[in-house]
Amino acid sequence: MCLAIPGKVVKITEKTCVVDIMGAEREASTELLDGVKVGDYVLVHAGCAIQKMDEQEALDTIRMFEEMKDIAHE
Amino acid sequence: MCLAIPGKVVKITEKTCVVDIMGAEREASTELLDGVKVGDYVLVHAGCAIQKMDEQEALDTIRMFEEMKDIAHE
Amino acid sequence: MKDIITLAHGSGGKLTHELVREIFNKHFANDTLLQGNDATCFDVPQGKIAFTTDSFVISPVFFKGGNIGKLSVCGTVNDLAACGAHPMYLSCGFIIEEGFPLADLERIAASMGETARECGVKIVAGDTKVVQKGAADKVFINTSGIGVVPAGINISGSNAKPGDKVIITGYIGDHGCSILLEREGLDISSDIQSDCAPLSGMMGEVLAAASDVHVLRDPTRGGLGTTLNEIAIQSNVGIRIFEEKIPVRNEVRGVCELLGMDPLYMANEGKMIIIAPEASVNTILEVLKKQRYGVDSCVIGEVIDTPAKRVVMKTVTGGSRIVDMLTGDQLPRIC
Amino acid sequence: MKDIITLAHGSGGKLTHELVREIFNKHFANDTLLQGNDATCFDVPQGKIAFTTDSFVISPVFFKGGNIGKLSVCGTVNDLAACGAHPMYLSCGFIIEEGFPLADLERIAASMGETARECGVKIVAGDTKVVQKGAADKVFINTSGIGVVPAGINISGSNAKPGDKVIITGYIGDHGCSILLEREGLDISSDIQSDCAPLSGMMGEVLAAASDVHVLRDPTRGGLGTTLNEIAIQSNVGIRIFEEKIPVRNEVRGVCELLGMDPLYMANEGKMIIIAPEASVNTILEVLKKQRYGVDSCVIGEVIDTPAKRVVMKTVTGGSRIVDMLTGDQLPRIC
Amino acid sequence: MNNLIDEFRNSDTARKMVRILSEYKGRPVNLMEVCGTHTMSIFRFGIRDVLPESVRLLSGPGCPVCVTPNYFIDAAIELSKMDDVIITTFGDMMRVPGNGSSLLEQKASGKDIRIVYSPLDSLKIAANNPDKKVVFLSVGFETTTPVSALTVIKAKEEGINNFYLLSANKTMPEVLKTLCLDPEVNIDGFIYPGHVSVITGTAMYDEIAEKYGMPGVIAGFEPLDILHAIIRLVSNIMSGRVLSENGYKRAVNPEGNPVALARLYEVFEPCDARWRGIGLIPGSGLKMRDAYADYDAWKVFDIQVTDHSDPKGCLCGEVLKGKRTPKECKLFNTICTPENPVGACMVSSEGTCAAYYKYDMKR
Amino acid sequence: MNNLIDEFRNSDTARKMVRILSEYKGRPVNLMEVCGTHTMSIFRFGIRDVLPESVRLLSGPGCPVCVTPNYFIDAAIELSKMDDVIITTFGDMMRVPGNGSSLLEQKASGKDIRIVYSPLDSLKIAANNPDKKVVFLSVGFETTTPVSALTVIKAKEEGINNFYLLSANKTMPEVLKTLCLDPEVNIDGFIYPGHVSVITGTAMYDEIAEKYGMPGVIAGFEPLDILHAIIRLVSNIMSGRVLSENGYKRAVNPEGNPVALARLYEVFEPCDARWRGIGLIPGSGLKMRDAYADYDAWKVFDIQVTDHSDPKGCLCGEVLKGKRTPKECKLFNTICTPENPVGACMVSSEGTCAAYYKYDMKR
């Protein structure tokens, strides 16, 4: 359930933003999420931005993935 | 103006009749013409029977046509 | 398979394949059809190739005397026959409105198969598109056809010569008139049925008996009047027809009188105009009258020098009048 | 002539002739077209004949990268090319909705003429039907095509052999994706444009360099996934493709991720799948990469023994999954 | 009798009549067939082609489509643009050009315009589309107007209150008198409209003979009827008999059809009317009575049409009065053709210009 | 960062994770991916194909289409048959069979049913069709329901009074607890739905770990996210750590999205709900509050649907609870295929049966 996809905010208006997903753009409502800024990654679901994506957390996660060892050592 | 065509009445209902025109049948209103009977020829215009056709007059007319002489003698 | 066509049947996926297999391949069955490639490959005998296409958009889809499927085979086969060709291969492209009953589609396909078999033609290539409800009127069919013109046959609308006779292979206006009446709104009933028929077999016999036929053409849309005009223009000749010789059924005349229309412009789907030298006329009529679709054939006119590019009709009064091409559709008129 | 199509343009009368003369004959101009008969006659060179048909019902009629006219020529030319044939003659059947702008029709016809000239094919037979407002969606075009297969070429969907390589001639999904976005309602903007292109010239070069190509097929409706399945079934082989090798533009990926769709099932209109013995792959790629429509060609997979009649994809995890035929249209999904 | 049609198309009799006419050696006579349906028959049966040079036929103002002024079409188009309006009309009106467009073009661009065979068919459409307003374009002379009137009466009886007439109905007597009085019009006799006469009876023609000195023959529409009327007229003119004769006795009674006339005048009353190309003729039109105002589209809808002049260069008016033939119009067969009609005379299949274009051997 | 997608599809890292998993030699573990989008990802990226035999994935009840009972589809179809109703829906619902028909078939037979990408798009449709009633089929879990709620709030604000929801929205906690308590269900750990968690935050999972003794990992939807979650779960289960972990920190905060939750509970309130194949679960659904009754299609329209049972022979319920795999269903791949789905699990592209059918190498 709940297909949602990260997109980069490229434009902001009062109640909406435009997000860029690999070059495709779509307007999304910002009425479910406070403080959206241009340059943010937001998660888009059913035409609404439902959460900001944290780039630092993403980098940390990737580093963690890359550094995974065997199951016993996890 | 006023394309109208003779058809033979093959059926009667309260306010309409069915006329046969060389084998094609169409309903026509009889509300503009009193006393329509099955077997009558009626003149049909825009979906209404607008007059009865008089077969005897038709025969007389044809005879007259056939017997026409030159213009001076008309 | 559900009982109506949905968009999924046109998506190119599994249901499309199922539809093709269970309806089209079943009714069109022939060895050439089943190659399953993007195009179908085959050998053709020596001779010129004849190629034609027509789309069929008739409403209603089923009518007295036929249906859109039968019509779509006859129409293209007759166009090939009108070039003196022996029809060999047909393609068919369906455009179907979402919601169309599968049972109706199958009846249509069955008619196509049957008619194709009657004239010995193979349906070898096909395509199916499904459009949204409301984006088409039930079903449209395109057929394209390939035939081979035997050596020694040279038929063209440009070949009419003054002195030639004009033959029609039967009553005119049946198809146009029957379709007009089946459409809603006019409330006229009659026994008229479409003359829809494949004429290639009959035309093959005619050409076998008289290879010097100059012109063949099937007077479909636009009717006899328009088609004769096309020939007069193409051959740069005049054509004179005789009102009293033109075969029109009484019912067709009745409908036309009622609606202010002219049978000369009513479509035919099982008739051929044959223009040939006078010397061959008797031979041709003899052949035609033995044929199921030609029993009512007769000479209706002749090719003349002037007026060039014009069709004239000698009427019951002995006077002549122009028979022009149809301008726009005939509309029922009243005043 | 008025500025919109009316029913009179389809009546078979004067306006039909005017339309044909002033739009179609003008833009399709070639010596074979103008015979003016019910079918067009011509000679074809020796060899097998290839014959195919497709109807085009695309909405919108004009789209980024092309229009229905260009598409209708490319589609049929590509189907002929996919049989190894040299395309020669096309027919075209128009079904036009009353009210369609004549200027748009002329743009479409101009595109058809231009594309036909680009691939050296002649439009030689045509038909025009006009239907009532609301009985069709603007304009539908059927094209049927005749080509000739040179001696020594034997291409069929049934010829794939284990060990063969699978080539795609460029990025997939552009056409399907661009059309999806041009339809109303999704409000997604992007630079994606249809890849609509005629491939017969390029395929001619490929076959001239490598006559041992086994399979050609253009992955149109149903996309790469469905078309590969068709081949796997027809040839009774398996096909393995590699997720990371399949060329998909970022924008196409973005749109697909957003709507929950799969580029493997998005239509292409200017791509060819080529399946050929490994030994010929380099030659083929060399030829392709020099061609305007083939610069992004690459090997995406291989033909295998088992699972027969199945397409499998090796994913980024190193695991495999089935790539099935499309079932119904892909619908935007959300949950 | 077989069908009362074929009997009047007998070729032998027709040829005999043609022979009789061909023997006419007197002074040139100009006859006007008033009715458009006569014009059609005359061309369709090649009658012009068989007349001696000295017998000339002029076509009169008896095609309701031809005499309907531009602004009526414009008004109909304006109504058709309203989302909730369905226009119903006889097929004849579809191609008539208004100022810049026609109903055919409007239909092609999506307006709901439907061709009916009978005005009565509009009532079914109204009943089936209760959320729409159905407007019938009511044109026609005494023959047709009773049917429009009946339709309105039935709408009222059946409680169908989404049906309206946009009317431009006209009557014959005043325009005939206008022609008789026009010094430029050169007519020796009228072929009177058979189907108008079926309704009106014959009295008005007696008045025209008596008060205006113009002879005439009421004729049916088959070739024998028309040939007969021509022979009678030529013969009467030659002999100086200023008579009105009834050559269509199988359909026309002296008293006409009183039921139809009663219906007509129940709904309509006389008014002045504008004829295309001719102008305003007092007492020559019919308008709906106030009692039927609820069914009168002119009153119910807010129709904003400026009364434009007739198309530039078009001689329709002159043609309709028989002063000129279409071939004298510079636009004929150059700019003005049935495919691109300029004037209404070219568009109606009964129009004089259309008949000349379609059928005339000498075009 | 490039696009926050490709980074999580890195092939080398994925293969390394697969290697790590392949070294697992412990006891068989059964993990349930609750969310249908996880099911899809797992198949799409061939993850099942690379797991060792002892790590088994079961698909859970987290596909809103799959758990929507028949009578909801029947109700939607009933509404679509009303002449003035336009149905708007996510594409996913189109193929779901009700009793005898589906929305796709209804659309094919002419009903006005439109697919929207966002519920908000329905408002434009409502504004453009003032004479119609637009009903959005509102299904979904905590991720989607705020969007439905926002749509209703905006309809009220903007005075759009021809818009309605037909709602069957559900929430996660109760169904997860039901699964934990079901003695027949044999699950060792949950892969938690990342996008539900984006809205709800993480507290509920702690409760499940603490009170129900069930470990879990919140995961994103890319292959690396899923592989990581599996490794973490296996590792925690092996070591006896009953924890709830957040593997999707780039999107999931402990507190979730309070704005979205406020919108949700402004319009909806908890209720008991019927899950297809599972039955009634107290407190597992959402219904519209009385303050929004004017927008609630269940209340505004007279919907007559008898609550039919689930389709005969379909094991959807068992499949949704992870008790059986699709391959254990007799109808699977015989009578029930994506072209002719019997149960919702086959129709939704997220459905477990559909995923097995489409992607499973061992079908």
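Order of writing sets the labels: A, B, C, D, E and F. Residues in every chain begin at 1.
Following the convention adopted for this analysis, a residue touches a chain if its C-beta (ideal position, glycine included) is under 8 Å from a C-beta of that chain, and two chains touch if they have at least 3 such contacts.
This structure is a prediction, so every number in the text was calculated from the model and none was measured.
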Steps needed, at fewest, to go from chain E to chain F via touching chains: 2
Chain pair with the higher count of C-beta pairs in contact (C-F, D-F): D-F
Farthest chain (mean CA position) relative to chain C: A
For chain A paired with chain F, centre-to-centre distance based on mean C-alpha positions, whole Å: 20
Chain A and chain E: spacing of chain centres that average the CA atoms, whole Å: 75
Rounded Å distance, chain C centre to chain D centre (Cα mean): 30
Inter-chain centre distance, chain C versus chain E - centres from mean C-alpha coordinates, in Å: 37
Chain D: positions in contact with at least two other chains: 6-8, 14-15, 134, 186-187, 250, 254, 257, 260, 327-328, 333-335
Touching two or more other chains - residue numbers and ranges from chain E: 3, 5, 10, 17, 36-37, 63-64, 90, 104, 117-118, 121, 140-141, 143-144, 339, 350
For chain B, residues contacting two or more additional chains: 1-3, 5, 21-22, 45-46
Interchain contacts (touch definition) - all pairs: A-D, A-F, B-C, B-E, C-D, C-E, C-F, D-E, D-F
Of all residues in chain E, those that touch chain D in their complex: 104-105, 107-110, 339-340
Footprint of chain C on chain B - complex, ascending: 1-3, 5, 7, 20-27, 44-46
Complex interface listing, chain E residues touching chain C: 3, 5, 9-11, 14-15, 17-18, 36-37, 43-50, 63-65, 90-92, 94-95, 104, 114-118, 121, 139-141, 143-144, 223, 227, 337-339, 349-350, 357-361, 363
Of chain C, residues touching chain B in the complex: 181, 186-192, 249-251, 253-255, 257-258, 260, 333-335
Footprint of chain A on chain F - complex, ascending: 1, 3-5, 7-8, 10, 13, 16-17, 20-21, 23-24, 35-37, 62-64, 90, 117-121, 140-141, 143-144, 146-147, 150, 154, 193, 195-196, 198-199, 224, 228, 231-232, 234-235, 238, 247, 249-253, 257, 259-260, 263, 350
